[in-house]
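Structure in structure tokens, see below.
Chain lettering (A, B and C) follows the sequence in which the chains are written, and residue indices restart at 1 in each chain.
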Amino acid sequence: MTVSASTPRRLRHLITLENLGADMITRLLDRAEALRAEWFSQRRKLDLLHGRTVVNLFFENSTRTRTSFDLAAKRLGADVINFDIASSSTSKGESLVDTLHTLEAMHCDAFVVRHKENGTAEFLARHVRGSACVINAGDGNNAHPTQGLLDAFTIRRHRPDFSALRVLICGDILHSRVARSDIHALRALGVGALRICAPANLLPAQEELPGVEIVEDFDQALAGVDVVIMLRLQKERMQQAQVPSEQAYYARYGLDARRLRLARPDCLVLHPGPINREVEIASAVADGAQSCILEQVGNGVFVRMAVLAELFDT
Amino acid sequence: MTVSASTPRRLRHLITLENLGADMITRLLDRAEALRAEWFSQRRKLDLLHGRTVVNLFFENSTRTRTSFDLAAKRLGADVINFDIASSSTSKGESLVDTLHTLEAMHCDAFVVRHKENGTAEFLARHVRGSACVINAGDGNNAHPTQGLLDAFTIRRHRPDFSALRVLICGDILHSRVARSDIHALRALGVGALRICAPANLLPAQEELPGVEIVEDFDQALAGVDVVIMLRLQKERMQQAQVPSEQAYYARYGLDARRLRLARPDCLVLHPGPINREVEIASAVADGAQSCILEQVGNGVFVRMAVLAELFDT
Amino acid sequence: MTVSASTPRRLRHLITLENLGADMITRLLDRAEALRAEWFSQRRKLDLLHGRTVVNLFFENSTRTRTSFDLAAKRLGADVINFDIASSSTSKGESLVDTLHTLEAMHCDAFVVRHKENGTAEFLARHVRGSACVINAGDGNNAHPTQGLLDAFTIRRHRPDFSALRVLICGDILHSRVARSDIHALRALGVGALRICAPANLLPAQEELPGVEIVEDFDQALAGVDVVIMLRLQKERMQQAQVPSEQAYYARYGLDARRLRLARPDCLVLHPGPINREVEIASAVADGAQSCILEQVGNGVFVRMAVLAELFDT
């Protein structure tokens, strides 16, 4: 079940980009562009969400994404509650749904949810009783829709014609909600070619990734691409022996200056962050002229503002 | 000593509802009603506490109550400081009174205090040097005045004539600050009959509860009541062997659909939350048509707005 | 290297008071005075930093200083992000500089930094890429410039002519960033005489403190002084056996009523807080008529407002 509307009429929640449709994705990116321009011209908070309350419900640590949503909401004039899970009734045995209904009863208007279990945001969206909306800020390895949108937004600012683009995603695809949301966004926007590269044991089944070309060798995969999206290597993969060592991983799948030259000369480099330097990416590349990593961070705030603004349109 | 004024002229602090008087309680409920209406008609923050700072001083975990005060203060335009006790000087040996004076010196205007020791809020109120006010958000088993107010407010919205009402409070009365504040509020407002029901070892001495009828058997206690307020069973009571088991407790004091039918057909069900499902209350009742539990949560914000607004009237 | 400008033209960061110059220090104190007057006359938030974001980056616990900066920023209209280090990417291996650049990319405008390592704030100031500014809220035993400013501000409100003043600083000078910043501020403002008193093993080398008289005996040191600044005794000094016991320390270096009478009759007593009662200062003195301790706390907010306002002047 996809809670998100499949037409651009009205966004009720943002759970996944799957089936969201090119029109709605484009509408969100256009709105982010407009908000970005407004922010840079005025540096004033907007009044759009004045009187509204956005709750950050983060069951996994993520200062980066939480801060991005926090800033997005505040810059639209909303109040933000950072719901501290460790000290909350949820940790004392109150169910997630009871916590949701309690916060809804206090007239909280939006819930930004991150959870290690797939489907948590959608589960909460189904249990909303009133008009509150749920935004998925990452659930398990399922979806991270605002990351997909901000990656598409970042690429579009440099390469507006998606049909001409060859994009490569490299890293632990199997466990990556970022990869899944990127694929949904890029395919919806009609990307020319989409390629992934990962160690065999970190690759999902082929049928899970329709329309995506799998290339085993990273050097070959890089040939001729316009954009490369590197994924973060989770340290726990190494503890689970899915990755032999950081050095071995870097030798085969690390993006360094030599490898980057195999791509097109103006190839953009993206990474959702936080980066592991000299594990999946060389510092020279992460900090180099082709890197869009910090641009992604900045764009993330505007994209989240756009999502909030769209969800509150009534 | 009661710091609260006994006349409705001026509320200096809110420490307990005891001796607060029907006029002041009614004034606070009326103000909550007006703020509720204003909120629903406009959904805008008010400017009443602009420039003021409200400090949440929570020495016991309570995301629910803290969030309610946080929202109440913000929706009146105040800034809120959630004073993190674990990382504060208080944990490094600075006394509570020095912390209070430090925050007062920074021109903080209101202190919302929760502490496991009886009398902490009153103690702080006595040590305030300037014009700052103290709100008791729960001290030991002594008082939880905003809960008492919000319960009275919730009942009044459905049953405006208190003199006709029969109210039953059931659960661990001995350790319950909610029960004490409910009793003070309901008696001040002239409730028709007030009954309590609890295991013998969780019942205070009769002289502590003047004007209250004690009924041992829950089924008998429910007969003909208009409102039943269920209390939360604290898990630590079981560790202390004051309650034999959740199952045994539920069998004798759990409110399920069968028992609810012993009360009047339109009997309201209240609970301060968070609820323990199938421990003190059945899900069918908690989520049923007679339940006011989420209404209580929503009303709590308006009641706390009213208390803050009243305290800041000068 | 001093990042701070040495002329009063423009403050880029605030890392240390060393070489800041009497003009800039005076300008900041004058601005704090103006903001104090404005606050007391109106009790309204100002709009000066509307749309700006101030980030509290505290790697050491300090509720007191963090709350002071938090209030200062909010009362100027800024949004405040309290960046939680324990749950941040920094604790997951992302470098401090990557965290800085990430927050800068989100258009955060000021970073208030506390760290146990000397030089952290200056290090971050050197790595800022855009126009964001860094404020040192205490680095190791190096500097705590806003404390130096607020101490000078507090003294100036009572004794505007610094050239006539004899000031004594007593306590663990060796480990004290407060002492260093106080000395920089007071010497820049032309203090008449500056004296320090400390146990021999908690005294820096003489050449580190040019222009400062060292007096071993506390009674002798107090003779004729107009201001005494007591320092907090860190409990860890006792664990490291640098201080034999609280009692022994208090006997030799504790400021009690008898000792205070050795100073001038109107001698001001300052302490950065939180105080250890009956360890470095007697309660009778800390709470007495000559104590400026809570005034310091209140002035701290205005001084920090002045620093933020000055840094954002463009």
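The working rule: a contact is a pair of C-beta atoms (placed from the backbone, for glycine too) under 8 Å apart; a residue touches a chain by one contact, two chains touch by 3 or more.
These numbers were taken from a predicted model, which means no experiment stands behind them.
Student: Copies chain A, chain C: same or different interface, half of numbers shared as the threshold?
Tutor: different
Student: Taking only the C-alpha atoms, how many degrees of rotation bring chain A onto chain B, rounded to the nearest 5?
Tutor: An angle of 120 degrees brings one copy onto the other.
Student: Give, as an integer number of Å, the spacing between the C-alpha centres of chain C and chain A.
Tutor: That pair's centroid distance is 41 Å.
Student: Which residue numbers or ranges of chain C touch two or more of the other chains?
Tutor: Within chain C, no residue touches at least two other chains.
Student: For a test of understanding, state which residues of chain C touch chain B in their complex under the given definition.
Tutor: Within the complex, chain C contacts chain B at residues 39, 42-45, 61, 63-64, 67-68, 70-71, 74-75, 235, 273-277, 294-295, 297-298, 300-301.
Student: Residues of chain B touching chain C in their complex?
Tutor: It is residues 50-53, 79, 81, 83-84, 87-89, 92-95, 98, 101-108 of chain B that touch chain C.
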